[in-house]
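Look at the two complexes coming up: subunit A is in both, with subunit B in one and subunit C in the other.
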Partner chain A sequence: MPGSGVIHHPLTRRQILKGGAALGLGSAAALGVGPSWADPWGRSSVYAQGAEEGPEVALAIRQETLPIDGRSARPMTINGTSPGPLIRLREGQEAVLKVTNLLEEPTSIHWHGLILPPGMDGVPGVSFAGIAPGETFTYRFPVRQNGTYWYHSHSGLQEQLGHAGPLIIDAAKREPFRYDREHVLLLTDWTFEDPMTVFRNLKTAEGYYNDQERTVADFFADVREQGFAATAEMRSMWAKMRMSSRDIADVTGSTYSYLLNGHAPEENWTALFKAGERIRLRVINGSAMSYFDVRIPGLKMTVVAADGQPVQPVPVDEFRIAVAETYDVLVAPEDDTAYTIFAETMDRSGYARATLAPREGMSAPLPERRTIADRGMEAMGAHAMPGMDHGAMAGMEDSGAEGMAGMDHGAMAGMGDAGPQGMAGMDHGAMAGTGTAGAQGMPSMDHGTMAGMAGERRRLGANGLLAAGTAQPGSRYGQAGIGITPGERRTLVYGDLKAFTPWPDRREPERELELHLTGNMERYIWSFDGKTFSEMTGPLHFRHGERLRLVLVNDTMMEHPIHLHGMWMELENGHGALIPRKHTLNVKPGERVSALITADAEGSWAFHCHLLYHMKAGMFRVVQVS
Partner chain B sequence: MRKTLLALTLGLVTSTAFAAGEHGGSHAPAGNAEIDRTIQLEAGDMWFDAESLDVAPGATIRFEITNTGNLAHEFVIGDAEAQAAHREMMQQMSGSHGHEGHGGHDMAEGKHGGQMPAVTLAPGERAELVWTAPENVDSLEYACNIPGHYESGMSGNIDLQG
Partner chain C sequence: MNTRHVMIAAGGALALLALPAAQAEDGYAAPADWPPPMVKHPLGMVLVDRLEYALPDEGPQALVWDLQAWYGGDVNRVYLKSEGENVQGDGEDAEFESLELRYSRLIADFWELQGGLGYQGGVVSDDHAERGYGVVGLQGVMPYGIETDVALRLSDAGDLSASLEGEYDLHLTQRLSLQPRTEILLAASEVEEFGVGEGLNSVRLGLRLGYAVMRRVTPYLGAYWEKQYGDTADLSRADGDATEDSGLVAGVRLLL
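For the complex of A and B:
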């Protein structure tokens, strides 16, 4: 199916070829049939073939008319395709990436997850001035890592227009797994609306894309299950908070077409294999706003890398991929049959889909779609407290999301002695009296972690901080998140991620930097510590060479994928010396997540929520390392 | 030495079990004397240095296995079905303990139920396993079934067609 429905645009084509010739660019990809790397046969015998591209790559950025999801669209293209070509580098190379701007507005490319000099990071206003129309900017940097990454525009809302692509770095040494063939699976979300219109819609009408609001039918269903009083009480509570329990995603399938390698579900992009092969799937979430739950019914997937970094293998049935994350999984189909690669959005408003098959033209049944989940009280922090007197929550009615910022997590640490039993027997009425902390904080606590807290406290360092690698109270690394029914299938959780070898910097953190993820849903303002980027007067400061702990506390009711440029974040998920390195951390509603950072990269770096419209709305900071 | 003998006995008993069907299966209880061949294998993260082995039916093999990786590994011989069942069991064991604090090490120490010749090696450890190849089976697998290890490529085929 890929390649069907090609619309011929002689003028555009000529322009492409002309531009390509002038710039010395390859034009094979310029036929508008989708990314050339999305070859149905993928790539086999990877070690023998070497790199297809790099160390020198030329990229031309344009906006042109191409078909997407069967309709004429105006995406931004890179060498003629949207999403752009696969850039393949090799560890140890000196990369030279020449980006030519053939748009009528400035642009940029950020190499997501790469450790490189600050001037090469590609964030206009932070690392460089951006690339003006007609200009070429040459990125040069040593390639010091390997794995699955991606690249995208860091200018305005261009990323929403398909200005993104996969970036694969082949390892210099043997990787800790073996495979016969590989496929890249790039997930994106496409809208035929102008991205600025989407942003304006979000600003002016809360829940604009939320067409899964609870209905009268839902009300009666709930009454059947929970009884009238409980249902009415729940409804009234959400109403008082001016929030919707079904606000899982800000932008949904009502405007988005979810694409896999640039193809809509009906186009059934097909990845080919031969029965008995072990296949590496490099899964990248390059979407602007959409989390996906990925599974291949009938196949176990073994997660072998997260954010490009190898992890000890974890066999799973499903994994959730936050925006900007990457996961590498191995699958080994033994039968000569087709399998559906199913990527359902977290809010269940749609899905991306491809087929893994031994031959073209095959398909397997689509799994039954799950219905949208309600954010339980968990989002505010009140899960697992069925006996809770909702009346006590009344104090929250005016606070909404913002009020939660006032939560005193410090006080929670003192609860260690209570343990899970103590919690269960807790007088919920008394909780109301704890004011801002109260109900919200508790619930988000991982009870498993709590049981160990008395022990953890003894592990405090001389400076009174938790020992390196320890999971924070309030983290939920054992949970996949909203919409995943525990126990239904084996789903990857952050607690599964474990590195192979300890990171060289074994120092304990010298200090903690705590940042709250904050927002105002109604006005669509997103921020850190209640301040948007435009309200900030200076950058966050990391002292060059210091070892610090970044603590992220999500006071909002949305997930936020937080991305730090230039330095790894070591996710403190309780695995001590083997905590995994990530470039993007998903923080669930009400959750408290921490990471260790070695501030070894002098310069200015972007730090932001990778939900595109959250970043645009203010959830962005500059980190200065000096 | 005692460990080697134990492994030896285990190996002999179980290899006959695989020789299913009419085969009566009484291998001569060998002492150290009757080693036909020694095979050295390296187990790393996540591979065995040999991706397949050719073994003569009935031959008694001494495997010398060294774990050069950072993780624990096992070396188990059995048919594909038995390996899969063992793998399934080990994964369930890991699942029931939740996600925290139960890495491969714990499971590797677990029982294999004596069903298949097996050794488990801590990082850096070296171990021996003596095993007599069955006579009426065409092929077997060797594998590490610690969750995720087989799936990452820690397996190989033993061709017994002589």
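For the complex of A and C:
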């Protein structure tokens, strides 16, 4: 039901001009008449859920009965739709966003990725008191950035109920790329269960939603492929740790309907184009818990922005989008034919899908689905490394264990580094030795990475810290992650991201703050440094104005998308002055990731894992900048 | 008297549970009337691990239960555990082999240390001999995923006994699973009234094949073998009961 309950604004001359600016020097044919959201050939944006134009926007939050995936559902709606309308602001505006709570419980909206005053960030208990039932809260802030962002509730588990939507900020100056048309693709995961029931299931019954556990048949299949000894050794390692190598997603397609712009795969939401046009796809992962691998078979995608910030173009066939990340990609379909936009979940338990087509009612074949991968040794990090010998490692690689195929030196260093018990005393020489020893058994090892590290070792700053922008030993920026077979297709990795132009603060870090991402899968406890939010006695302190390095060490066997409110995190992926900045950093199991932060935002900010139920289970901190 | 034991245990356990509720907030500067950004709720669950009808080769048929329920947070919990049976056709009431209220504390990632009070005897009548006892237990998962429950019990008459239980889940398919289990009972002194001898009392081995018709409901079929040893076996012989038996079971595992 497109448009229901949406406030219609007549298209003003200003908006038409704005549309023109957003198009760059794009085709005038894309400039339609009528409200932007309603016209499939629209000005520049086609968005199924309706749009609200800034600078002044009124949003009403309700809980309503609407159909989702062909069934009656009770989502939380914003101006009548779930997910909510596209909010479109313009860089340089003073945004005035009036949010009225028509629910029977408190609510909030957090503007994800926006740099704004702390009182406007929308986190109850950190930025403000929340919005009580019947109240209207007016968010006012200057819009000082542009790009693709999103918004969502930061109250309880409301985000799982579709209380989220896209937020697009048009640039004041011309962007470094051109396009003729744009489409917003918002990925979400919907469940017909009460989110609190989902949480209880996760807390009280480990593996509740996992319908892809290893079975006896998998064991024999592995024995056939890798031999008995290698299989037995691998399985024994996992069994000793009392963990499942199939623990890729906590909540899966067994309860989720994966939606694209609010539509299930069968509904085949369609984005229109004309052959020969260059199209900007603004892809947002607004899921509560689901990572997606996005591709459009038959089309090369050029990544031009990550988390709203322009990056040097990267042509890819596929990209993984962690929860809460956004990527902007350009595609240029030459043919007058339909293409499938395919977003498969990381655990392969389901997918979201839309069609990019020249006309309504078209579809293209769905690509073959991949099967779930087993986590390999790279995930074991701290758990397995201390007792592991090189023979075992080499043997496993020889046997062709899937998870090992793309292992590079970074991964090995990661295991070493993440194993404080056994490897704390390891020096760089020993690490290099490990790499060399492993090299015989690891044909796919990336020697380039190793050489790079050797170079970086010499770049220690005067204060003994690694030079700004240097990739941490233990980072795996060359890998897309679990379930992606290296070399199968060109997949975006964090190592590809380079800022389009250098960001202003080029200072070296003054200090390092290391945080371990920790958890207890058995009890579904998630935490930083082994402590849940309720066990903490104080906030993390950033000194106002300081330049610090945040080092995130993932001691768990799951990916965590870590989000810092209020300030950018500059991802130290080895690109020197072209350090890219992000609001959400994916940290893979066993990985060590670092970011530089300019602590220029005085006040209290939320800092957490953006997997909704991980946050709820305790993986949340407050950062105080003072 | 036994009811009183249980009441005391309940009170004690609830008092301990209340302690962690006064948890420290992340002490950043926020006005007092703001809600905390993250709220923790205590949770609970009931696991009826075995609710089964046993058809032994020698002894009488019986309805058997083995269940546990907990309520609490990540670290501190209260457990209610019970095992028992209703022997069919003996004209007697069902019997709690154990009915325990335990306070439980997570002491390692996979291990809970538990302590509390328990009752053994008839469910409603005085058909069976009764006693109260204190219990200390360790419950958790051993490497290789073996679920373990070890308990030491000291009765109100000063008799010490121990039980060791282990279970393992082998996934045959996503829904079909094979579960071997074992239960070993030991005692430090003979208590004739309860058929308990000194030393190793009995060993029981079982194998259950379950099919999860729903995530929370797994009907199963199984078989078991059990044998009594030493004085315990002598006591059974004196009563004319079998000291070694095997049988079939049909039952259901429920997660509530």
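We adopt the following convention: the second predicted complex is superposed on the first by the 501 of 626 C-alpha atoms of A that agree within 3 Å, B and C clash if a C-alpha of one lies under 4 Å from a C-alpha of the other, contacts with A are read in each partner's own complex, and residues count from 1 in each chain.
Definition applied: a contact is a pair of C-beta atoms (placed from the backbone, for glycine too) under 8 Å apart; a residue touches a chain by one contact, two chains touch by 3 or more.
Just so we're clear, the structure is a prediction, and the values are computed from it rather than from any experiment.
Asks: For the three-chain model obtained by superposing on subunit A, do subunit B and subunit C clash or fit?
Replies: fit
Asks: Classify the contacts of A:Y477 with the two partner chains as first (subunit B alone), second (subunit C alone), both, or neither.
Replies: first
Asks: So, A:R490: does it touch subunit B (first), subunit C (second), both, or neither?
Replies: A:R490 sits against subunit B, while subunit C stays out of touch.
Asks: Please indicate which partner A:P106 is in contact with in the superposed arrangement: first for subunit B, second for subunit C, both, or neither.
Replies: A:P106 contacts subunit C only, not subunit B.
Asks: Which one hits more subunit A residues, subunit B or subunit C?
Replies: The partner with more contacted residues on subunit A is C.
Asks: Which partner chains sit in contact with A:R140 here, subunit B, subunit C, both or neither? Use first/second/both/neither.
Replies: So A:R140 meets neither subunit B nor subunit C here.
Asks: Of all C-alpha distances between subunit B and subunit C after superposition, which is the least, in Å?
Replies: Comparing every C-alpha of subunit B with every C-alpha of subunit C, the smallest gap is 39 Å.
Asks: Which positions of subunit A touch subunit C when the two form their complex?
Replies: 106, 123-126, 128-130, 154, 156, 200, 203-205, 208, 211-217, 236, 239-242, 520, 522-523, 525, 532-539, 604, 606, 615-616, 618, 620-622, 624
Asks: Of all residues in subunit B, which touch subunit A in the complex?
Replies: Where subunit B meets subunit A, its residues are 45-47, 70-71, 91, 95, 98-101, 103-104, 147-149, 151-153.
Asks: Provide the residue numbers of subunit A that touch subunit B in the complex, in ascending order.
Replies: It comes out as residues 174, 176-179, 278, 300, 302-304, 312-315, 330, 332, 448, 477-478, 490, 493, 495-496, 498, 500-501, 574.
Asks: State the interface residues of subunit C toward subunit A in the complex, per the touch definition above.
Replies: On the subunit C side, the touching residues are 23-31, 33-40, 43-45, 74, 106, 109-110, 141-145, 170-174, 215, 255.
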